[in-house]
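Could you have a look at this structure, given as structure tokens, before my questions?
By letter and in written order, the chains are A, B, C and D; residue numbering begins at 1 in each of them.
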Amino acid sequence: MIKAGIIGATGYAGGELVRILLGHKDVEIKWYGSKSYIDKKYAQVYQNMFELVDEKCMDDNMEQLAKEVDVIFTATPQGYLASLLTEDILRQVKVIDLSADYRIKDVAIYEEWYKIEHKSPQFIEEAVYGLCELNRDKVTEQTRLIANPGCYTTCSILTAYPLVKEGLIDVDTLIIDAKSGTSGAGRGAKVPNLYCEVNENMKAYGVASHRHTPEIEEQLGYAAGRNITVTFTPHLAPMNRGILATEYASLVKRADGTYPTKEEIRSVYEKYYKKEKFIRVLEDGVCPETKWVEGSNYVDVNFVVDERNHRIIMMGALDNVVKGAAGQAVQNMNLMFGLPETEGLELVPMFP
Amino acid sequence: MIKAGIIGATGYAGGELVRILLGHKDVEIKWYGSKSYIDKKYAQVYQNMFELVDEKCMDDNMEQLAKEVDVIFTATPQGYLASLLTEDILRQVKVIDLSADYRIKDVAIYEEWYKIEHKSPQFIEEAVYGLCELNRDKVTEQTRLIANPGCYTTCSILTAYPLVKEGLIDVDTLIIDAKSGTSGAGRGAKVPNLYCEVNENMKAYGVASHRHTPEIEEQLGYAAGRNITVTFTPHLAPMNRGILATEYASLVKRADGTYPTKEEIRSVYEKYYKKEKFIRVLEDGVCPETKWVEGSNYVDVNFVVDERNHRIIMMGALDNVVKGAAGQAVQNMNLMFGLPETEGLELVPMFP
Amino acid sequence: MIKAGIIGATGYAGGELVRILLGHKDVEIKWYGSKSYIDKKYAQVYQNMFELVDEKCMDDNMEQLAKEVDVIFTATPQGYLASLLTEDILRQVKVIDLSADYRIKDVAIYEEWYKIEHKSPQFIEEAVYGLCELNRDKVTEQTRLIANPGCYTTCSILTAYPLVKEGLIDVDTLIIDAKSGTSGAGRGAKVPNLYCEVNENMKAYGVASHRHTPEIEEQLGYAAGRNITVTFTPHLAPMNRGILATEYASLVKRADGTYPTKEEIRSVYEKYYKKEKFIRVLEDGVCPETKWVEGSNYVDVNFVVDERNHRIIMMGALDNVVKGAAGQAVQNMNLMFGLPETEGLELVPMFP
Amino acid sequence: MIKAGIIGATGYAGGELVRILLGHKDVEIKWYGSKSYIDKKYAQVYQNMFELVDEKCMDDNMEQLAKEVDVIFTATPQGYLASLLTEDILRQVKVIDLSADYRIKDVAIYEEWYKIEHKSPQFIEEAVYGLCELNRDKVTEQTRLIANPGCYTTCSILTAYPLVKEGLIDVDTLIIDAKSGTSGAGRGAKVPNLYCEVNENMKAYGVASHRHTPEIEEQLGYAAGRNITVTFTPHLAPMNRGILATEYASLVKRADGTYPTKEEIRSVYEKYYKKEKFIRVLEDGVCPETKWVEGSNYVDVNFVVDERNHRIIMMGALDNVVKGAAGQAVQNMNLMFGLPETEGLELVPMFP
């Protein structure tokens, strides 16, 4: 059995890690870390875990934890892990970080967008960006540190990736309009996240300034083979879970004056995703809906070509706390421990 | 492998049966019956099943189905199974009926409340009321026909059962005020179930006339040892899943003028439910919430005594499409095939 | 023009007072009191008021305010007004208190249920309980201090009042099961009121201990002509606005062995409410729905008799921030200033 | 008093017309037309109107209606009014059409996008496109026929209009990503509009094919002074009311290599909208939210410039059944009858 510890177990992503790991036959959770609820029973914080989890919440002692478990999941605020991580810890335990601390290779960009100083930049190079469908060959039993991708970024990148990689779209025209359920805002007690403020409401936020932007740009930049700048607009939607990304780009005009056809585009999606268990390219004419992936590790993608202006509308949907956080973290863990990638993740989406 | 057929696979309860059975290691679904969608791919009706279910919807041919499978689940309108069931079918296949056709032993009461003629009353006697926690000894490998309990009834009965059975409450004062998510209303296209009619709205319906009333009365009557009459008021709540039953009764005054204490009441709940995997008696002071059981087969129960008027408020919460329908059906199936009762039902509640 | 000041203008009830008073032709708001947002523009706290309200939030200075306005509305935490109110203030200005400070005549009961010491019990006797439909004769131009009723209490009392007053129900059997939208929980930033905690969830809370209980008991006790004890259970529902009260009682058996008929009961409701603009006794068979009164000052009531056990189910619905708070406060203000009672309150319910 | 008739009074837009006109001091509704509910009391279809509307629903007899009223509102399916309208009717009564029948000047485009034959193209030329803020000079007491704009179109056009008109954005790059509440889908009983299908879900639909596209293109084309093609993607959001449009375009690079500054852009918005009662240009940094305009005739707009790629993100929010339908229709009516444009429309947005 893999022994796992969670730091930040009482946030929504931490709670989902617990839900998923309880159903994972090769893992046992040994540490429910939560600074806010030390010594309180975990099942009193999340009553859905009553009679399922008997443990109390523990303080965040990474050094001790490193000795007791095989893998640590950190679902913590930005900068927190960077301030604690040491070579000594990494020698003893694998770390899967759900925060953004090691996602961005250029520390200056991290510090600019996150407005904090990075306390352990020496580990950035080593950290593997854990988007398994793109980086599977780098997530191995030798990997010590995973930067688990963000929720918006996972959805945004996977929705456009094959077309960027194959050069079918003009990546300079890429616009990402994303809609997220409210669990993405976390469990902190803030007025804007109160029920009455979110319910019956739609709004954009973080316009042209959201911190997932450079992460998307870095990863799609690798696919494009050059630096890129995208427009990314997140929106808050009145639902618990789910991200829908609607992405727009101009198709690339070829030397002969033609544009990629619908069939070519579909074949490119299938080239990259047909073999992927967790990415479903929907049938022609079917738009992804967040409800169809709720509770599961799937990303549903599809596209429509607007023949009138040679533009493509790409759409992707995932559950932000599963494939956008905890599920993807477990997917990485599976690869890091030589388990089947889908172990514990064969979650059937719940409808309604 | 147990071969299963579902008639009514495209209703919400049918869809949940599919979700649960896909995760059940001993079952394979061989027949997705749906009169409304014959020849349409099941995953086109429920896109959450894309790449998970490849089959098409089939017509409802019980006779053929009886030859091909080991168990048939019927998630069909009232009266439908009663019009089709034959001794010949029951000789070949086990039937678990999610409709009300065989739940009520007195056919006159069934016909009065359901306003339809019962077409096969000869099977009522044989049918076992499949509330496993009460009737476990009757759900055996010999059982041919299960009347799977209603959603409201499961919640209402289990919430009060121990106190009725032990005579701690005056059952003539029992009032059940239940609140249900909208999936309980089914997937039929009706104006009152449209999003804009249900959202931001609470209402009672079927007041003093809901058809789950006689089912509750019959089962709690067995516990009380006599005929009883209860007041049952269902309400429609703006959420997808979940039933919360708030139940009121007067505590019985004993010969010495005392009333049962909180401790006595708790010990009675534990006597009946401590050993029950799927019933969780919450800690003192914690009220059940539907969200804490969502997606799972749990029923959470608790109570508060109002010392001022010697009344008890009992509360129970379950997921109406799991423990209130499909989950309970699978629980019955497990018992009927000699499997562990919890097989395929170790579903961790999803939060948020 | 009546000059009005609001203390607690940035809570939900305060915000609704602003909405209603902006449409009241005889009132101008001179003071937007909010300790939490001093010097911030009111329209930056509630952006719906952009270009409608230009004023900034002010500190709570009752003495100064008393000199500048004709009426003060206090939508403040329990105990706050009681700690500030003086004879000097009341000599200068009318006060309509939306908190509970002067609702309960027996100060010991107040202190027991609210767990705070009452700082100005000398004004309790003078305060008029402003449930206009019951106390209209006491709300006059001479009235200085109004205790504006609670949201649950307004709904609970009005739903049962005629039958209690006329002795048609056994008030000792009265059980009130109430469901409220989340605005009733206020705008404070607390985890249990976050979107993800409330959405897709139903729960009871404050069972057998909610502070609106003694208020209901006092008022219905006056109607009954004696002290009474009721069971009151509030529930939190996933919607912004609205309270639905479902109330249960046994009909009184008369000397001749008969019970009140449906027709008698209806005629009693009409006797009391036919002339009431803001109470609508619905047609036979129609259950109140909170959505039908949203945004308006209406209370919709109706009932069903369960002939099987001689019990009545009474139902009432209102908008908790209008008739349950701000609307009722304006209704009281109208009476206190000799205006038509409905002035500014002819709000048509919004659907959907 | 203006006598008004409504055809299609039992749809959501029709219901909202009733709500607004009941508060309009110069109008009385004489005809509640509804083919689906002939002879049923209107208040039994919309119980919020109980004791407010006593009339029954009438059949759709335009010829008779033309004789009895001064203005007819048609909130009917596409093609319906076109099949009934005659010169004789228009000689007797003003008509405000909430359907799309006369919105598009080029009948071929109408027929192509709506897939129906236009039965009375002779009135298209005369019909005035009733977006008052743009066409106010054409909505006069002489106007006989108004084509009331669509909900998405009103929001989409007004959000971008000043910048298109002044040539600050490259209109060929314009992308509109719109999110709508479910009332926009109408009150028809269809499975995709059921509560459980919409709730907790986000999806795009009508991608690259929605019928509001040519309407947007025609109107913004007038502003641009040439034919344009835009990308418009509607989404269904889990809320009753509200449209949020997020619009993207590249800023135009000037001959000197500079781009319009934030200040220039703001001054252009203010040039067009400062004087407009119903358009609120929000303060810098504030994103429109649908909840802030709910129940009102306001459109809230704002923008953010992404300096990194010289792109602008424009945002607009309105209530689809008010400014997107019934409110705008009343605004047109006011102008057609020489009343103040805001009469009956001073609706304060409701929050929460």
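Everything below uses one rule, namely that a residue touches a chain if its C-beta (ideal position, glycine included) is under 8 Å from a C-beta of that chain, and two chains touch if they have at least 3 such contacts.
Not measured: the values here are computed from a predicted model.
Enquirer: Is the number of contacting C-beta pairs greater for A-D or for A-B?
Expert: More C-beta contacts join the chains of A-D.
Enquirer: If I average the CA coordinates per chain, which chain comes out farthest from chain D?
Expert: It is B.
Enquirer: For chain A versus chain D, what separation do you get between their C-alpha means, in angstrom?
Expert: So the centroids are 38 Å from each other.
Enquirer: Using CA atom averages as chain centres, what separation in Å is found between chain B and chain D?
Expert: 46
Enquirer: Quick check: how many Å separate the C-alpha centres of chain A and chain B?
Expert: Averaging C-alpha atoms per chain gives centres 37 Å apart.
Enquirer: Two or more other chains in contact with one residue: find those residues in chain C.
Expert: Residue numbers touching two or more other chains: 12, 183, 196-197, 199-200, 238-241, 289, 291, 294, 352.
Enquirer: List the residues on chain B that touch chain A in their complex, please.
Expert: Spelled out, the residues of chain B in touch with chain A are 12, 15, 19, 22-23, 44, 46-52, 183, 200, 240-241, 280, 282-283, 286, 289, 291-296, 300, 346, 348-352.
Enquirer: Would you tell me which residues of chain C are touching chain B in their complex?
Expert: For this pair, the touching residues of chain C are 172-173, 175, 177, 179, 181, 196-197, 199-205, 207-208, 229, 231, 233, 235, 237-242, 244, 246, 248, 287-291, 294, 304-309, 311, 313, 315, 317, 352.
Enquirer: Provide the residue numbers of chain B that touch chain D in the complex, in ascending order.
Expert: Chain B reaches chain D through residues 12, 182-183, 187, 189-191, 193-200, 238-240.
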